[in-house]
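Two complexes are shown next, each including subunit A; its partner changes from subunit B in the first to subunit C in the second.
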Partner chain A sequence: MRGVIPHSILFIICLMAASSFSIEKSGEMVQSKKQKYLFLAFCLVPTFIMFSIFTLYPLFSGLYYSFFEMSGSSSNKEFIGFDNYIRLFNDDIILDTIIHDYFLVVTKVIGIMIMAMFFAVALTQLKIKEAPFYRIVFFFPNIMSVVVIGILWMFIYNPDLGLVNSGLAFLGLENLQRPWLGSETWALPSLVLPSIWAGIGLFMLMLMGGIANISKSYYEAAEIDGATQWQQFWRVTVPLVWPQIKISILYIVITTLNGSFIIVQVMTGGGPNNATHVMGSYLYQQAFVQFNFGYGATIGVMILVLSLITVMILQFLLRREKVDY
Partner chain B sequence: MKRSIGEILGKGAIRIPLILWSLAVLYPIFWMFLGSFKSNAEIYRNPWGIPETFNWQNFADAWTNYNIDTSVFNSLIVTFVGAVLTLVLAIPTAYAIERLKFRGSHFLFTLYVSAMMIPMVLGWIPLFFLLAQFNMLDNIYGLAIVYAVSQLPFTIFVLTSFMTTIPKSLEEAASIDGMSPYGILLKVITPLSMSGIITVTIMNAIQFWNEYFMALIFLQSNENYTLALAIDFISSEAQYTNAWGTLFASLVIAIVPVIILYAIFQQRIAKGMTEGAIKG
Partner chain C sequence: MKKLAKGRLWFLLAAVLMLLFAAACSSGEEEASGTEDTSGGDSSGEASGGEEGGISGDLEIQYFVGGYGDSWWKEVIADFKEEYPEVNVIEHAGPNINEEMRSRWVSGDPPDVVYIDGAGSSETQMVEDGQLMNLTEWAQEIELENGDKLVDNFIVPPSDYEGEIYSLPLVFDAWGTWYDRAWFEEAGYEVPTDFESFMSSMQEIKEAEGIEPFVTSGQHPYYFLRGMLYPAFGAAGGDELLASLITGEEGAWSSDVVLETMQKVEQMASEGMIDSGLGSLNHTQSQMNFLLHDNAFIPVGFWLPNEMEADVPESFGEYGFIPSPMQDAGEPYAVVPDMRPLAIAENAENPEAAKAFVDFVFTRDYAMLFSEHTGAIMNVSGVDLTQNENVPAYLTEANAMINDPEQVQLYHKPHPMSADLETPIGNALLSLMLGNMTAEEFVEEAEAAAAQYRGN
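Our next item is the complex of A and B:
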């Protein structure tokens, strides 16, 4: 906050706010223009100021910080140009964190979409009496705290007491037992299951909403044409719920890239030996554990850029002609 | 006939994965409740079964020895202040964007909504220094403000879509009766959007109650810990003290309010979240 540029950014934001809020001429309203202007300002300005201070300013200022070497406090910073970015490209751990993030993205998209689609079809197409029960149960983990989910699953993976190793012992598969979260190979894949466990419900409901809107007549027509259940699924259900599928995939990708570090932080803290660090948890470690705030901001810029690029590419890949039968 | 038998069998087969997944969801949660009543010795002896006796010692330990009482209190304040502040900031803006036509209203709406897609993690570093400068670092009210602003885009988004359904004639009638625009906002629009306000507030409250990472960055001393941080702290301690029972008891304390809200408002929460995701 002490630098000149952050203040000027804040000032520009306020100017933008002021200029964009000018009101349009109104017709025959009785109240004077000034009163209307005051009311509009009352509605918009306090909120926008708070939003500027606590959301817009930090984002722009994060970009600005990435060109500085700062440790300890904000007054203690030195302009170093692109040095942080050069360091970023030469940091071996960075590439690993990117790979880990995209590993989680891909496995979560595949796992959640297959299971959510299966459950959504099962609960809508087949008339099961207790369907509301499954809907309520499957959705619940979506509103559980990541801390609770993480700790619960740490215990499920516990080498001595955990459900996974006890279950393997029960099945006589002791040779498959592992210290799941303590193993450099298995720690990252072990994080996928809790994420799927916690995510399925929301996407199942989104897909169910789409399937419920499909007219029964399409299935009847397909039935008459002799289409099997499987063909009906691929030729009728999938194309007609494509908008929901697309949104679900985009949503999983965005929330994973922007939030996978939370479960990582709770369950492994990035360990063992950086085997589970993702971009966000590495940022946390650099900025708030080792106090390299400038370098942390550079990692933040990378997260922003990568997630924007990923979303744009995905939107291009997932575009599909709108289907109307 | 042949077909219906096939269908019955098919339905039976389809239930197997449904039942298995229900168990996968419910069992760990039940087990957490059961574990909170077990002594440490019993957790080691019989980690996944029913407790021999139900004793509340773990809850008492968590409550007094691990300062869970303070954290519950802090979490309640952060949740309450955060949720109220979100509404105070979001309702007028949602109303102005939806009903008062002004130049830039579309731009402003797009700006708020696109903030939902931006990874805020980049902003947390400057925010850390900003809070330090305002003397709001390690302060639960500072955290509540950060929470409220972080949920603004989502809240404005949900509320505008609720306000579209309010008939314009009601505002016009109130205006002809001589009510000021402030009165219309407070006495006409706010009560009529109550359904949307309740939905979005429940979701914000659950979000604030559960939140972990911003609390981790912006709070530092034990006496300011929210519940999520206190639990994380007990969890890392338990690696050495093996106080698993206490850990489970604190997890139960954290999850019970969420279960109660879910039991009452299940449909609102599910609908709010899916629609928020679909339209966003």
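Our next item is the complex of A and C:
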């Protein structure tokens, strides 16, 4: 986080400066080449330095440490070549963590996209009077910290006092009651619900923005042609908001692969018996609980590689011609 | 034109504001990290005594604040400052202090004295990393207030790393099993004396109260490992078995003695004695369930009453403590002390002051004070707790019990188990407690974990 703030601020300053510059240019001043390059350097060099310090340096040092055996609690380290990578391939838990991560990716993408799409269409096209109110309600979880969400849902899932089990008891479904987060079978699926709940709002707003940009005339034309609401949705809405859908899916995938750590760490700590460990939480456990910092760095490299591959595959799968009616 | 100039002015203002904001952010961070150091300030001029061989300068002390609280530390440090007015004591303390100070240890700039306790700390790891000063020789020189040698008056001797001493055990804690004495007396439940009576007592409670009688923290399975299994292993195989299990010796975890012990755990699980919801409970939640009588037995160390002081519901009666009853009928209870040591950093900047402080702390007076403040025992023998009204009853009783070899046999582990071995074993253990694994499968997993640990 530390790196992100000055980074983005610099970027914003440059943008502002650039816009004021162009205003000036269109006014009267003619800009010399030297000035232009100076200005570009002024914008780019600090950003690049920041980027190098806060992004490239940690990236490469992570790669570097993955070749060492070190505890992470002292500066002692020993070069061990590819031993950590060999260990990675022989570690049974690693495969589980990858499966858990992609389970969360798939369920979250499906859950969030369906719900966000549904709410976005409902709030923009069904002419609901209370739309602004719902917009705030659905967006609300997004302004809460994931840690708070995790703790909140821990109470909801509490086996004795929680909303879920008491709700089931109220409905007379006692046989469905479970120690949700304490069960090796149910703990991971139980994490999906809070993750989806927390994610809908942002993507709903993105999709609403996309839908609002679609000209009403398309729907009118479709209606005259006798298209049903359903056909209008598939033939008009979806193709025209495809860029937003694509961005949303990519964003969910990336944030899940990098960030599902938080909700796992808060709600289950990876347990029971590794049943909910994702790559990030296992990295944390290895590096900071079991004091295998070098091995943790190796897991970090694996996360990077898997994220890159996943995003590339998704880019390929989600490519579509830009639609313009 | 005027409009344009005005626009530029606004941009400039915004940019300056942004920069100021960024600057404020960074300095804020520095401040925040500064506040964790509750600097002792200087107490020069106030002190009366202490011409102690010119010991001066900054002395940094790192101590974890958990179930025992920090009142004892505050008092001891205040006394130390009075004795050594030239020393400026800087305290680094709190429940997350091990994490907060990690970067200092990594960068080779550690505090001088460290009390090793709580999450994120590992004495074994610190020794392996060469972060602690070798105290083997110096420890022989430390004396208690009446001139007794400290090394001869420990209740439990220091951890032994191939014959060397790197830490001095400060707090003597013992894990055991807690119950509500008033509740048991009123309802006529049996206080277990061995595994058989433990099972029958739990059966009785289960039937009468309709609860699963035993609970522990599933998020931290080491509570069960240290609180129930170590005593069980001690009773079954003595110090030798404990040592071979903790060091992950080949064949130790798959031995018959271990399998028999694990079958007892399997029996507890299969007969429904273990809370089926424990998988998601952290330690305070499990302790709360115990206090609410959702369960009847819980394995925790001496710090339980102190830690839960503010949360005791009215329905809870009185704390009762027994060593964990995992041993076979006819045998004495087993206790495996759990030590929290004090150590000096290898790279301490002020080793003289650090030694002075460690020397200063180990006295019988402070041991008595420790029991008053924390309800636990400091690792110095010859402290008579029975005459002190401020020491809680459960502690004097437990202390008497522990000192009676007919009732309780003490077993010692060579050093704490490494997190690298404890984590996978804890995971398998949880699965066993949840009834998803058999004792045979557990033993197999544990042996594999030990093999992996030896290989690293």
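By our rule, the second predicted complex is superposed on the first by the 266 of 325 C-alpha atoms of A that agree within 3 Å, B and C clash if a C-alpha of one lies under 4 Å from a C-alpha of the other, contacts with A are read in each partner's own complex, and residues count from 1 in each chain.
Simple rule for what comes next: a contact is a pair of C-beta atoms (placed from the backbone, for glycine too) under 8 Å apart; a residue touches a chain by one contact, two chains touch by 3 or more.
These figures come from a predicted structure and were not determined experimentally.
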item	value
Which of subunit B and subunit C A:P141 touches, first, second, both or neither	first
Partner chain(s) touched by A:M154 [first = subunit B, second = subunit C, both, neither]	both
Subunit B versus subunit C as contact partner of A:S32, first or second or both or neither	neither
Partner chain in contact with A:F288 - subunit B first, subunit C second, else both or neither	both
Subunit B versus subunit C as contact partner of A:S217, first or second or both or neither	neither
Subunit B versus subunit C as contact partner of A:N175, first or second or both or neither	neither
Which partner reaches more residues of subunit A (counting touched residues only), subunit B or subunit C	B
Subunit B versus subunit C as contact partner of A:W197, first or second or both or neither	first
Footprint overlap on subunit A, comparing subunit B with subunit C	6, 19-20, 23-24, 73-74, 154, 288
In the complex with subunit B, residue positions of subunit A that touch it	1, 6, 19-24, 31, 35-36, 39-40, 42-44, 46-48, 50-51, 53-55, 57-59, 61-63, 65, 73-74, 115, 118-119, 122-123, 126, 128, 133-148, 151-156, 161, 163, 166, 197, 200, 202, 205-206, 209, 244, 247-248, 251, 254, 257-258, 261-262, 265-266, 280, 283-284, 287-288, 293, 296-297, 300-301, 303-304, 307, 311
Subunit C to subunit A touching residues, read off their complex	1, 4, 7-8, 11, 14-15, 18-19, 21-22, 25-26, 29, 99, 102, 105-108, 120, 122, 125-126, 128-131, 218-219, 221, 276-281, 289, 294, 419-420, 423, 427-428, 430-431, 434, 436, 456
Touching residues on subunit A, where the partner in the complex is subunit C	2, 5-6, 9, 12-13, 16-17, 19-20, 23-24, 27, 71-76, 154, 157-160, 179-184, 187, 268-269, 271-274, 285, 288-292
Touching residues (chain side subunit B, partner subunit A) in the complex	10-11, 14-15, 17-18, 21-22, 24-26, 28-29, 32, 43-44, 47-48, 89-90, 92-93, 95-96, 100-104, 107-108, 112, 115, 117-130, 132-133, 145-146, 148-150, 152, 181-182, 185, 206, 209-213, 216-217, 228, 231-232, 235, 244, 247, 251, 254-255, 258-259, 262, 266, 269-270, 273-274, 277-278, 280
